[in-house]
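Chain nomenclature is as follows: A, B, C, D, E and F, assigned in order of appearance, with residue numbering initiated at 1 for each chain independently.
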Amino acid sequence: MRGKLKMTTFAKYMCGVVAALFLVALFHTGSAFAEDATQAAAAQSAQMTEFQVAQAEEPKAEEPLAEAGEGAEPEATLDTGDTAWMIVATAIVLMMSIPGLALFYGGLVRKKGVLAVLMQVFTIVCLMTLLWYAVGYSLASTDGGALNAYIGGFDKVFLAGVGADTLSGTIPESVFFTFQLTFAAITPALIVGAFADRMKFSAVCIFMCLWLIVVYVPVWHWVWGGGFLSEDGVLDFAGGTVVHINAGVAALVACIFLGKRVGYPTENMAPHNLVLSVIGASMLWVGWFGFNAGSALGANGAAGMAMLATQVATAAAALSWMFVEWIVHKKPSVLGIISGAIAGLVAITPACGFVDGWGALWIGIAAGVLCFFCSTSIKRALGYDDSLDVWGIHGVGGIVGAILTGVFAVEAIGGTAGLLEGNPGQVLTQIWGIVATIVWCAIATFVILIITNILVGVRVSEPVEIEGLDINLHGETVQ
Amino acid sequence: MKLVMAIIKPFKLDEVRQALTELGLQGMTVTEVKGYGRQKGHTEIYRGAEYAVNFLPKIKIEVVVPATVVENAVDAIVAAAKTGQIGDGKIFVVPVEQTVRIRTGETNDSAL
Amino acid sequence: MRGKLKMTTFAKYMCGVVAALFLVALFHTGSAFAEDATQAAAAQSAQMTEFQVAQAEEPKAEEPLAEAGEGAEPEATLDTGDTAWMIVATAIVLMMSIPGLALFYGGLVRKKGVLAVLMQVFTIVCLMTLLWYAVGYSLASTDGGALNAYIGGFDKVFLAGVGADTLSGTIPESVFFTFQLTFAAITPALIVGAFADRMKFSAVCIFMCLWLIVVYVPVWHWVWGGGFLSEDGVLDFAGGTVVHINAGVAALVACIFLGKRVGYPTENMAPHNLVLSVIGASMLWVGWFGFNAGSALGANGAAGMAMLATQVATAAAALSWMFVEWIVHKKPSVLGIISGAIAGLVAITPACGFVDGWGALWIGIAAGVLCFFCSTSIKRALGYDDSLDVWGIHGVGGIVGAILTGVFAVEAIGGTAGLLEGNPGQVLTQIWGIVATIVWCAIATFVILIITNILVGVRVSEPVEIEGLDINLHGETVQ
Amino acid sequence: MRGKLKMTTFAKYMCGVVAALFLVALFHTGSAFAEDATQAAAAQSAQMTEFQVAQAEEPKAEEPLAEAGEGAEPEATLDTGDTAWMIVATAIVLMMSIPGLALFYGGLVRKKGVLAVLMQVFTIVCLMTLLWYAVGYSLASTDGGALNAYIGGFDKVFLAGVGADTLSGTIPESVFFTFQLTFAAITPALIVGAFADRMKFSAVCIFMCLWLIVVYVPVWHWVWGGGFLSEDGVLDFAGGTVVHINAGVAALVACIFLGKRVGYPTENMAPHNLVLSVIGASMLWVGWFGFNAGSALGANGAAGMAMLATQVATAAAALSWMFVEWIVHKKPSVLGIISGAIAGLVAITPACGFVDGWGALWIGIAAGVLCFFCSTSIKRALGYDDSLDVWGIHGVGGIVGAILTGVFAVEAIGGTAGLLEGNPGQVLTQIWGIVATIVWCAIATFVILIITNILVGVRVSEPVEIEGLDINLHGETVQ
Amino acid sequence: MKLVMAIIKPFKLDEVRQALTELGLQGMTVTEVKGYGRQKGHTEIYRGAEYAVNFLPKIKIEVVVPATVVENAVDAIVAAAKTGQIGDGKIFVVPVEQTVRIRTGETNDSAL
Amino acid sequence: MKLVMAIIKPFKLDEVRQALTELGLQGMTVTEVKGYGRQKGHTEIYRGAEYAVNFLPKIKIEVVVPATVVENAVDAIVAAAKTGQIGDGKIFVVPVEQTVRIRTGETNDSAL
């Protein structure tokens, strides 16, 4: 009865939402702005948003400033500096998932569920690695032929044709592949925070595998692989849309689908060990340099600016969350400041290659304040149980960042002007990217959950939930 | 012999231990417990939800004393553990019928 | 009564100390050695100590050995290898603060105060980030005009004029800025160990902001920004003076100002979880490669030697502390060996660009032994309560390192000869740098504490201290 | 009586084993295959296996693909990109030991022994640093003259003659030295898992120092320093033989020598805190990129492929262990998946520069399954108490990896063909490398244990073991 | 007065607390304990070895009540803590001779 | 019925449990406690300061037995827990007036 959820009411609710979202989407696609306002921006930024496919035909001088360090070679050669940075960026983005995210989440749940969370994150990293290697990378990054606006092709299944000397821009393709692999690993892992303490482990495995292929890979292709959103000029430097909005929406749908934890919201479910969460949040911050500055795909001025923007925005968001909380709840909390930091990191992700320190500062402040309210009073008012606020931080933070990228983009930094430099169309373009992602992600996630529920049932039984997932699903506990 | 069982505020442990030692009591056993009482816990705020924390950390001291010393022991504990603030705790006296020192097999008062 | 401390006796005491220090300082400034003995050294090393302003006019060949890898370009261009290394160095120096230092300290306090320590370190990192961005970097690194011997100017407030293509030597200035930001973040954070478990959170925030501007930034400018200490030829490769002596002195003043913890020294205040401290110490060690080798500002032989010296000195200090403790206290302890490692890292910091492995070995041994005695018997004899021995490790270790830099400096490595190579004047120069820093830091820290005490009161009430800062100041506990 | 073990029976047992192994070894050395089958392979791979001595006379173009990024300079110059990567690789390999391995092991023991494990790992890192600096590096990497087939010489004792501008290939020798230092630190540290909770701290110190010089250094020289195994064409990219088989064999010998823990196997000795182990395992994974990709000694295509292979093999091994455990024991456990990940990392270590993703996938799967059975049912059947399965994971994993390197080696990747590309001799060559290492390591470890036992006694007394090493040997506990 | 000492399953604590509060009992003391009984622990598998875990986590509630309330208190606990499954726990009633409220010095029933 | 309450050295728990099981006792409750007694704690050295650690880890076993079995139980515990070294611990016997098995509502001896 619990294992396999009945979903009559929920299904109706979802159908309504989905329909509404579709209408919005249709409106946007069909509306004039897509052709007019965004055109200029699109032209400018298309080459930016496709930077990950830089291994393509013509050796375009990716970022203007990159030239300083690289010269304008007639043909692509390996740059050891760029390669050095990208290998390291890969390593530290992996560190973001394990142990970073695993600890951040693990510390926030109750003691009886900490190992289950760690297990889920660790397993997801392993599963996504093999899936990305087998088929994900190919579907995301190669040319999809007739379907290229929506999805790539099968040319590089199991990395066919990629050898030690295959380059992607100035770095080995093996490095680009592994770098992107770490993104594909962390995105699904982010979702587990939403249904912590109540989802079956087998269901997590199945859900995540389906989700990677059906949601993450297409959206990656739309934004970075030459799909329709990159054609439309949507800016997403390091994954505000692909990673965070995607994960946030999936999290929201999943936590509503699964229902609240037993005892929510009257029982005390405060974090059992914030020390773990602080370690995790700190590693996320450090690793995010790899995420954001690494998305420049080289050791150059763009990477430097991305790092700078990341640092400023994160600090601003952490402090703004902390101070707002201090005012509203009378005490500044560890949970608050680290949540704010993550919110800032999320929000600056799409923006970090396009804005300067000043823009980063405001994006950070906005993210800290807005995510605070979305994860506290607004969440409480709406009544869903997103255990670790994946939606409130990644979803909302991602949206705030995506929109403000359109506001604060500086032409001298990333090649595209934003609202403040007189290009209001970019904001609409950004919203279009957000809506498209939300619609697809919400629908597909919902369907995947239904399938998973039919296959193995998504939710553990009540006694298992009350006694804890650690001992029941994995036979282990923390002393 | 009586078992004097006192629930006190954690930070008073050391003073109570000293007071009892001064009475010549050379042994006691201490447990970390959680107490529910008139003293209400704080409310904790966590991501916008407010939970009342009902159980507060307390220390339980168990000391078995000869019947003749009970009065003094209770008084000593009260004196040492009192802050005058709500939540100072309780003392309960329970009869003990037999005592054995495991090391030597001594029994009753001489085992204390 | 406790919140705002009375300080009659203490003030008198401090005034005496301050006067004495001033005398010493005057003596040194006026004394002949400053003109004579150090002249040769100064000439040689001026360009070394100013290396951070390498973005300046003339493209000087920073470190001799750097040429091998870089060639002597007619004008500065971006080097991707140097940039790659410096981005990573920045990331791992950030990791030193969060989670490194936060955990190192967090494990050493009692359980009731671990979150408060983490909170302080995390908050300081955020606050210093914004301050450094707003004004700190400019005041530290730019030309201060008439006041240039003492402080920089306002040219780069909010990074005015720094774009994605602005270089600093062979790396983007954005990278140099962020790298130095991480130094500005960790230095104040080091101080919190001194007054752990008893300072108000609001007071920590205020104190640290003032301290960065009034103490850290000027000393940075003196030593690295073309101020008077760099003119005098003081050698400080990676921050023995700027970072560690500064933090150590501030810690000593602060812990005396605040007074002892309730129960010190009779109550058991042993570390509650050395596992956390070992994680922290290890991350500090790893991150310190970024700190020390990163201070070469490039991926070159100087960086390599700095890394080597760091590794050797740290191991030597860790073992020497451990063995001395084994002899004196009969047991080698985890606390001992990690304290020794930190002492070694501190002591090699000023030296690592100037000494070889052999010098590093002796600096490490000296630091381990001396910091051991200063943090144990001597501290006990003097009776102050520096909770986590910030003075005993960072202050003493910094001084040991700064002096021994003058002893072991090898001309072939860093361009300056030390005592052992026949240049005794360098030792005096080093002492002069130490004294100047101590005097300024002690006075300014004292004044800032008075101001903070007037504004919000520096110390929590006794019940709050006894029950713990975690629950009282932040409303959270570790289960 | 316990302190100094009687070893009559054990000694007899060992002598038998040793004799048997010798026979095998003699057979192999003398047998024809050494001359025939391996010749081709040896010729090809000699330059690969000696890559670490690239500072040698002729500037050979190490890896074919490295040329792309480096050009074919007439004489070796420093490459900042290679240097940047190798500095970072060094830092993250250090992170593998502390805190990585320390935490991985620390979480697996009982609570009463966690600090002792951390202490041992930390101390070993420090001791090995000084030993490697003093004499280890020289004996391993320099020419040993007449004895060169077996051991190096004393030319670089205390790094004599190595300055800031000394190069080793395209990186400073100081970097190569420190990189290799981190290998010399982690290898002995791996062994402590075998005798966790029962060996004296003093004995650990003495044993490890002797072991480094007598076992690790010679085998390093055989495989990477121009010794007889490199002459024979044994492939070991990053240390499957030198590091893992070596550590695994020593662990097996040591745990048999010391005897079982009190209470084994009836008492519950389950890991006390798998959160620590997950942090540790994750850091090992991340740091292993430095270990494996770093063994390319540059930021090039070889490094990229090594990283890719490492990622794929690790994920495959983690999942294969998890699924086998899920089937056999009904529950997938955190301990299982992280053990599998380490097994995969171990197995891909010798292979990562020679195989492609496909080979890595199979090596990972094989390692996960085989190590699972060796660490569970087979271990139980044999009855030895290898506390943390150092043999079952590092020994077995290393052997699996070394053999499969000979199977899956791809000529286009690492210059040597394996069995699948029609070179079956390589498998025999690999087996020969394994046998030689096992024989030497087992005998020498046994002798060192006897010596250590005579000097200080290897095992703590029973009450100390029962109450725990933390409080008794180090006077500290975790609250 | 009597000390009612109940060993219950951990997740029943909140229900039991409520039941007792409804009886008007305003104080109790709670300890985390491990219980050994008919309910056998699970077996844990660790690297191939199987260990029986004999001790299971339980909660001990100690509440001192006036003699007149004992019956009700016991019934309330039984009602609230019962799942009908093995391992539900036990209730023991022990005589208490004296009670003191530390804060006020009040004694016996009025100290409860 | 009697409550036999024994304070023992932690590493003796398993032997004591076995000894009691052999007597046919099928239930007991165990608590981690800290004991203060003749056995003095070690002194801990921390950054040069020396603190006496007064409280040592002990295990408290509570087992309620029919009055007739008390003698045997006490003897069994003494036999199993004794090392002859200071700090072996104490056994206290306290009267129990009533016992209830929550699962079934059985009372007294049949509830044990």
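Just so we're on the same page, a residue touches a chain if its C-beta (ideal position, glycine included) is under 8 Å from a C-beta of that chain, and two chains touch if they have at least 3 such contacts.
What you see is a predicted model, and the numbers here were worked out from it, not measured in a lab.
The chains touching chain C as well as chain D are A, F. Shared contact partners of chain C and chain E, listed by label, are A, B, D, F. Chain B and chain F touch with mostly distinct residues; of the residue numbers seen at this interface, under half occur in both copies. Across the two interfaces under comparison, A-B and A-E, the one joined by more C-beta contacts turns out to be A-B. One finds 18 Å separating the Cα centroids of chain E and chain F.
In this assembly, the C-alpha centroid of chain B lies 47 Å from the C-alpha centroid of chain C. Mean C-alpha positions place chain D and chain E at a centre distance of 53 Å. Annotation for chain F: residues touching 2 or more other chains are 31, 44-45, 94-95. Residue positions of chain A with contacts to 2 or more other chains are 79-82, 84-85, 88, 92, 267, 270-271, 279, 299, 329, 331, 333, 335, 475-476.
Annotation, chain-chain contacts: A-B, A-C, A-D, A-E, B-C, B-E, B-F, C-D, C-F, D-E, D-F, E-F (touch as defined at the top). Chain C makes touch with chain B in their complex at residues 267, 466-467, 471, 475-476. Per the touch definition, chain E reaches chain B in the complex via residues 1, 3, 17, 26-31, 64, 94-103, 105, 111-112. Residue ranges on chain D touching chain E, taken from their complex, read 265-271, 329, 331, 333, 335, 339, 375-377, 379-380, 389, 392. If you check the complex, the residues on chain F that touch chain D are 11, 14, 42, 44-45.
By the touch criterion stated above, chain D contacts chain A in their complex at residues 63-65, 68-70, 79-82, 84-85, 88, 92, 111, 270-275, 278-279, 281-283, 285-287, 289-290, 293, 298-305, 307-308, 311-312, 314-316, 318-319, 322, 329, 331-335, 337-338, 341, 356-358, 361, 412-413.
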